[in-house]
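Pasting the structures in now, so scroll down.
Below are two complexes that have chain A in common, paired first with chain B and then with chain C.
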Partner chain A sequence: MKKADIVSAAVTLAMDVDAETRQKIEAFCKVRGAARVVYTIDKSILGGIVIQIGDDIYDGSLLSKIDTVRQSI
Partner chain B sequence: MIKFFGNQMLAAIGDLVEWESIVMHLIALVILTVGLYFLLFKPVKRMIKERQDKIRKIEKENVDLNEEVKKMKESSEIVLADARKEAAVIHENAIKVANQKADEIVQGARRQAKGMIDRTEQELEEERRKLGSDIEKQIAEVSVAVAQKVIARDITPEDNKKLIEESLSEWSKN
Partner chain C sequence: MVNVKEIGKDLIKKINDVRPPADDRACGKIISSGDGIIHISGLHGVKYNELLEIRGGYRALALNLEHDSVGAVLFSGEDKVGCGDFVYSTGETAHMRVGEELLGRIVDPLGQPLDGLAELTSTETRPVEFPAPAIMDRGKVNTPLQTGILAIDSMIPIGRGQRELIIGDRQTGKTAIAVDTILNQKDENVICIYVSIGQKASSLAKIVNTLRTAGALEYTSIVCSTADDPVPMQYLAPYSGCALAEYFMYRGKDVLIVYDDLSKHAVAYRTMSLLLNRPAGREAYPGDVFYLHSRLLERAAKLSEEKGGGSITAIPIVETLAGDISAYIPTNVISITDGQIYLESELFNSGVRPAVNVGLSVSRVGGSAQRASIRNISGQLRVNLAQYRELAIFMQFGSDLDAETQKMLSRGAKMTDTLKQRQYLNYSVRDMLVLLTVSQSDLVDKIPEKKIVAFNEGLLDYIRANHASLYGEIDIDKKLSEELKNKILSVAEEYINCSVGIEQSAPAAASGA
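And now, the complex of A and B:
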């Protein structure tokens, strides 16, 4: 995917975060070519964060960590 | 005196007997004897000889037959003894073969039974292992589900912030 095509990053959180954290999130997204950040609250991820920028998905949610543990056992 | 009486007796006999008649009788007796000898005695003797020869021949035949019967009897006894020996050997071999077959059948049945027991034990072991694994898996899933519930209930905004920062920091390194 070309950087010009990336206009937004979809960020999913389990709960709302403070401004400082938002700045860090947006800075991360900007470095990876996202001009805009769209936040979504989804309690099912339990905690942490999931960022989708184009085809790239960064999954740092507690749900994915628990799934990893589940698969390993 | 004796001589007197002897002469007297001879004189008396001479009176009673006619010497010519006696001679004629003697001649007739000789002729009859000779005739009988040739006409009767010889054929009877020959017939007796023939009969004796026949009897001897029959006796010889009897002896020969007895010998033959004896030989046949001995031969048949030998054949019978051989047949008995052969029958005993055949009987013994048949018993050996039957025992061998019986042993083979028993061994085969034992092998088959052992194989079945081994297979059953393996299947049981496999089932036990599978059941244990299933139980472990279920326990793990329940533990994870419980952990998930606990985390969902107990996670604080600070914990969440820390998680997010750790994730961002890790991704930034790559």
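And now, the complex of A and C:
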């Protein structure tokens, strides 16, 4: 679904990252229609990154990977 | 001794095999949850009937696609899922695991084994909802499906690819007929699927035991949702069973599928619909309850030779309340199916078992599939029985009857008795031919009224023991020749004369009358 509205991307990280990585993240979000990026630091995702833009979630967190492993064994 | 290293290796291998889901799946958040229903914000791209995944491994089915939210029903984790949980779309509708290895197994509507036996290795699946075969893909129903029950095979014949409803009150032997039919498919090369929808686990266990003891489980698959299963499981069960049946049908096999029962299925669907806030209609069922059953039963078919010639014969069961067949679900299903077998508790309680009401039962297509021999001999049966019943009602008013009328009444009563049959006692086509020939001849006048059931069973045993060659002479696909008929009658007479039990009781019965 194409989003005409201006959306903000919610990015969750386990720890703060350097400016270069931030730039990469912001570029990624911009391509997908996000006008601005809001960062949150949340240690509970253990590692990796979760990006939410509108209804789409890009879940690259360590927590979800471990969850998948736990469910399949 | 357990080798720790080996376990470690296995674990590492398993972890390596884990394929994480794509990172960019569409995702939504639960905004309300209760009664097994969740509402989700987001998930704009979700399809109708799509399977959803909730963090924690729980699954749901998307059923209400609204402007700003999605309504879904939970398959599991009703008390574990809460507001704010992420819900991922899987991009596919519900699928049922299929394959030869499901024969002899008990599975849930998503294909997970419930019998504690070996894990299923089949990876082949079929969508639970699937379009019915098109008109041109269908062939003519021309092969009989023998139920082994005399009353049904002679007067309400079922063909392979037909949909025949079994309808009646509780405790009238509906399931018994279905189970007997499954048992009778032993050497008929028909695969059977028994779908239990909202049944008691104890009655299901009984059925499984019966099938196992009779060796019928080898060619039978059981798709099971018991009364305590979540409602969506009960809703899905018949469609899953049908998906499994289709797998075999499209491989050219003949399949018999029993839906036990569709009234509970409608109730399950009503529960879901009401909780999803859909408008209620007659008897509080939603507006699409007709489509619920029609799309299921339309999938039963006989395929044309070009398509492999396979078939699905559907035997749905519907339970009525106090014999009311004009209630909503019974009328719906009656109008969808190709005929119905109507069971009555009055008949059942007066000892007529199976309690088939011959007057109200019909088979709209099975006649052309009936064996020529049976069709020829049972043609008069229905008319005779109807005449007898009329006469029997009339007789209640007067006691003085002439000899002719008395003879007719006694013959009618004997005919009715011939149609009585013990559960798990199936007749072969040849058995039926013998019984029908004898019961419609003058010979029955020699048998005392109360002894017919015992006589029939004894006669069949007698023929098997002493005149086995007689069965070899009967060609079930041809009309019985006069010569053969006389032969059968002379054997029956022989049995009457030599059977001590009947001779002894004959005077007693005569003096009693």
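One rule holds for everything that comes next: the second predicted complex is superposed on the first by the 70 of 73 C-alpha atoms of A that agree within 3 Å, B and C clash if a C-alpha of one lies under 4 Å from a C-alpha of the other, contacts with A are read in each partner's own complex, and residues count from 1 in each chain.
FYI, a residue touches a chain if its C-beta (ideal position, glycine included) is under 8 Å from a C-beta of that chain, and two chains touch if they have at least 3 such contacts.
No experiment lies behind these values; they were computed from the predicted model shown.
Chemist: Do chain B and chain C fit side by side on chain A after the overlay, or clash?
Modeler: Verdict on chain A: chain B and chain C fit.
Chemist: Looking at the overlay, what does A:Val69 touch: chain B (first), chain C (second), both, or neither?
Modeler: Touch partners of A:Val69: chain B and chain C.
Chemist: Could you tell me if A:Ile25 is touching chain B, chain C, both of them or neither one (first, second, both, neither)?
Modeler: In the superposed model, A:Ile25 contacts chain B only, not chain C.
Chemist: Now for A:Ala14: first (chain B), second (chain C), both, or neither, which partner does it touch?
Modeler: first
Chemist: With both complexes overlaid on chain A, does A:Tyr58 touch chain B (first), chain C (second), both or neither?
Modeler: both
Chemist: Please tell me which partner, chain B or chain C, touches more residues of chain A.
Modeler: The partner with more contacted residues on chain A is B.
Chemist: Could you state the shortest Cα distance, in Å, between chain B and chain C after the structures are superposed?
Modeler: 6
Chemist: Could you give the residue numbers on chain A that contact chain B in one complex and chain C in the other?
Modeler: On chain A, the overlap between the chain B and chain C contacts is residues 58, 60, 69, 73.
Chemist: Chain C touches which residues of chain A in the complex?
Modeler: 1, 52, 54-60, 64-65, 67-69, 71-73
Chemist: Taking the touch rule as given, give the residues of chain A at its contact with chain B in the complex, in rising order.
Modeler: For chain A paired with chain B, touching residues are 13-15, 17-18, 21, 24-25, 28, 31, 43, 46-49, 58, 60, 62-63, 66, 69-70, 73.
Chemist: Mind listing the chain C positions that touch chain A in their complex?
Modeler: Residues 11, 14-15, 17-18, 20-21, 23-28, 42-45, 55-57, 86, 88.
Chemist: Using the touch rule from the top, collect the residues of chain B that touch chain A in their complex.
Modeler: Going through chain B, the ones touching chain A are 136-137, 140-141, 144, 147-148, 151-152, 155, 157, 159-161, 163-168, 170-172.
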